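First the structure, in the form of structure tokens, and then the observations on it.
Chain IDs A, B, C, D, E and F follow the sequence of writing; residue 1 opens each chain.
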């Protein structure tokens, strides 16, 4: 099985390789995992605007990855920006969003979960994501730790502490019995075990669970439903030749 | 009051002026309405992918329109592509999406409404829009007439007939008591009166209602909530100077 | 366009003229606004019982206003007492309830809103109103300030302070990002701008927004759905001649 | 235990005695049941307007019945008109609405129920009633048989046939596994056994179940919650002496 | 009418007679109430595992009770363990679960109710029960008093105090306007009147209300829906002769 | 990783080995899968009663499997009988139910799914399962093919045809865009690929997906939440020594 992890924003080469290496450690034995990154895009995604900015070049890269023969792809942002579009454009390659996938994993393990998100401004879109995933009924709260995404990795200890503190509020006040880390950079911090130990509830790492679920679905022979995510009508009907032609310049 | 209607895809100059002229006819006496169009974008929006493609240049144009002193803007697509992002980037200028606005108008006039949409592939996103608008409980069905958006205007009679037929199904089978035209091109066909006469229930024209609601809210002194649609943190904190800097090229 | 504001309880002539004058200031240029008041009814509406008491004479007045040629009517109480009945009895004149309309305006501007209501006893009916409006999903809380309606105007400063305090709880504890003033007397206090300045979220004035939305819908050529609000069968079938005959005395 | 059945519209004396006699047959051994009727009101209730018309004199009669020492009262219309107001005005006497009570009985016996209602125009209010009762999730459909209420009794056989036909649709198409007769005149037709035999699912007679549930709750020592249905503030605070003073004439 | 109360766990003979005697005091005049107890089962039910353990022998006893001619049965545990199975196996005898019945009684008396439950571990299943009853929308919270079921009766005063304290939280924090005692042992403590006096909201005793509702439904001629709770197919088709044959040993 | 598949009813040794062999084919390379079967239980599970009958001995076997060092267990029935109890009794070994897991997989791949179930009587419990899984919003219908479970395997072609026919109804009438096979025997028929080919939407095989998801979650280092599924209080507090002591005989 071949899985590709697609980073929807610009990222230093070194960090790309670090993440790829972690993903390869996590993968099942027979899985080949590669990480690719868009040539241009936002530096990090902390608003809906940045989510949208990331989509055009990511979608293009996804189509390319399908052509290269990958069986599954992980859209590397916990906001799942443009997941529905990526699925419209692909058919043989499963695309999963780690945000929805993590919420769904939390739903499988308990009754009520909370999402820990970096910024206040990301709270409303977390509810929309839970609606799209179909598990809104189990989302009891979204808690912001107010750490800019790009500082999460440079201030690991402080981040860890704030996440644990937010998680405790979720458990005590909102009756959460599972937690979702709502950001890929939190995922690659590799802190979920420590948080789990501190709080005593399952902590979903979107990076790890995104990969595992993609492997599980692909190995089950499943792809996203084309009845749910139809190919754009201009492409299906042959009116345009490639996805590039859907965008008209000047 | 100054209102701008922003077309999020490419459109022939003549059609732009035609629509602007209709909008000016519809406007209240003291309202100045202008129509502007993005320099580049999709030819029409019939998939989520095309929705996303339209957002970056539209958002930029929205910011420019706020700077030019408009009080309100209408995002000219019934899918409301990127409405939340446009609202993140503006504060003094109200931005409304005609899709959500039309659903809300339908909710004000009856108990259950249906949306008539051009293509099957647009059905799922209509439910998501109703969720975002907060009126999902009143949406009883979404019915596709299977006419490509760009043919709606060239085949007016056939379109009208199919819309009426779809509306009848909505009323008889799904108990709809109001209908929403789920596409701006349907709106500028100026067919809602004829449909209403044929079917006997209110028919919401997203173009007209989008304008009227924008005028009503602006004249009430209201803008979208910045607590709900926060300015992107990198801009708010001064880390970047303009929205262009949120996107990094090679 | 001719709009009438119908006061569903007894009110001093002077206060009637004061409110009429405010409404005329708020109206669009081409709109004629008049205020009429029932000859008999409750002194104020602070319970469901008083809501119901107000309906028979208000409904009669509504029918009269339709006959007089008004295009739209505002039912002057934020509980929207008998709105469905008023709509059953009218067809050419749009009737809007400022309670449902304000909630819907709040839904258009943010993700979660709270209602500020005068009395504890009005809390449950606010939830029912949100259900009828179809926006229950966005109503995060209803907060009572415990000021009798008739004291709201005599104790303006104290009322303002309590409303701001209640609004702050709504924002901080319940994550409201927009507020609705749940009482017309609050609306005619003309305090929404001050509250908005203090709290930083949109504050919906039901009197102003009720008028603006009525103007917007009427100017869109829309009326409430007669499929949703059918004419009473005894009238439709001709069994009784007038609405008076629906009530049998001794 | 003393239970009173309050008819909220005018009714021939003979029919009153017939219904009273049926109620007495249904009652538990130790229960005294009386039927009283408002001196003035609608001839039948087939619209929201007629519901509202019935409330003022019915509420007054309810208060009188509480003073006369009844333990429980049944509001004799399946639309439960003004139930919340009746509960605001009473404390020692339980007031139940047969509409909500019947829906709740259906919820106790199966998974999904349908309501059979006389007229199309009563369909929307049935959903609102189910919302108020808290069992909206179990209401799968409302089916109108299109028989005016006053003809239900004169055309018993035709009514029975149409109700059975409507019930069959509910069962086959909407997966109902219990039926509620949504009208008191249907209840006093004494047809539920025949319908049940024909269709094989429980058929809730609102008249019978309204009485039985009232007896059950009263004998459990329960009354409606005064925290939920607070006494109108003007009465509670002593500002007015009686409920009559809440209404001001000329 | 003959009603049987079936204890689904082992219980001392003396306590059985005490409870039977209380039930007989509560019953309507014409009702014969008997209490029977399974020969083997859990000592008390404080987990889902103990709920399930209780079902096989209780179901068998239920079938026997139907054969003995009882009109109605109360499943004597507020978790309603296996209620759906008991209903699958019976047809002429109504089976009610006091848990769902109490929630439904609370829904009939107010807008929002809370459940007071002995242990934290019982909280999630209370939400599931409310879903099954169809009244989840009215359940505002479940509050655990952390007293093992078997200590409830030996420490009556302490239990009473903790229940009142939990109820106060429910009322003040969660806006409950009615309370349900979520345990039969709480019911037979006969403390609901004291709690009601202390807190001023209706307090539902599942033991008493379970009996009263069973009497009300049976006397209305109603049984649970066999379309909702179908006889197991192997029995219906005659493939097995008795329910014992559904279980195969070694 | 060691995974055990626990059959909760009696099954012929040969069929056990056949299923085990299929499971081993499906497993990831590093996974050891074993199949164990309860010594006594129902012959098949087609009613809630049979679900409950299966739980006591299955729970015991689960506890034993945890002691034997398995990392994860699959409860081999698509009704997930007693899943919550199994999770109360285990901590180091993840227990998944293939019913909930399959629904969740369907939710990950589309917008609306339907369940194909063997018997009409299993329809209501499928809705309850979707509620427990948290994905009720995405379940659009449950369709019974009316084939007894034990005949599914002997009449493979007829079963396949009926499942395809039911699936077509789900897609065309109920807008399903993914299907769940609601029975393990359907899963081990190995027909999902054929159905998928015939219908063009993802078809979830509960046996395969149950295994894959168990592998994915275990390999993510996750277990079910003990805050959600607490150890029975009598065990936690040490009042009883083993789960056997929770059941008292004669």
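Following the convention adopted for this analysis, a contact is a pair of C-beta atoms (placed from the backbone, for glycine too) under 8 Å apart; a residue touches a chain by one contact, two chains touch by 3 or more.
Owing to the predicted nature of the structure, the values given are computational and were not obtained by experimental measurement.
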Could you tell me which chain lies farthest from chain D when each chain's centre is the average position of its Cα atoms? A
Can you name the chain that lies farthest from chain F, using the mean of each chain's Cα atoms as its centre? C
Shared interface numbers for chain A and chain B above half of all numbers used, same, or below, different? same
Rounded to the nearest whole Å, what is the centre-to-centre distance of chain C and chain F, using the mean of the C-alpha atoms as each centre? 53
How many angstrom lie between the centres of chain D and chain F, each centre taken as the mean Cα position? 44
Intercentroid distance (Cα basis), chain E paired with chain D, Å: 27
Junction residues of chain E - those touching two or more other chains: 111, 124, 131, 228-229
What residues of chain A sit close enough to touch chain B in their complex? 10, 39-43, 46-53, 55-56, 59, 82, 84-85, 88-89, 119-121, 124-125, 128, 131-132, 148, 228-234, 237, 243, 246-250
Can you list the residues on chain E that touch chain D in the complex? 26, 28-30, 96, 100-101, 104-105, 107-112, 131, 133-138, 171, 177-178, 192-193, 200-202, 204-205, 208-209, 212-213, 215-217, 219-229
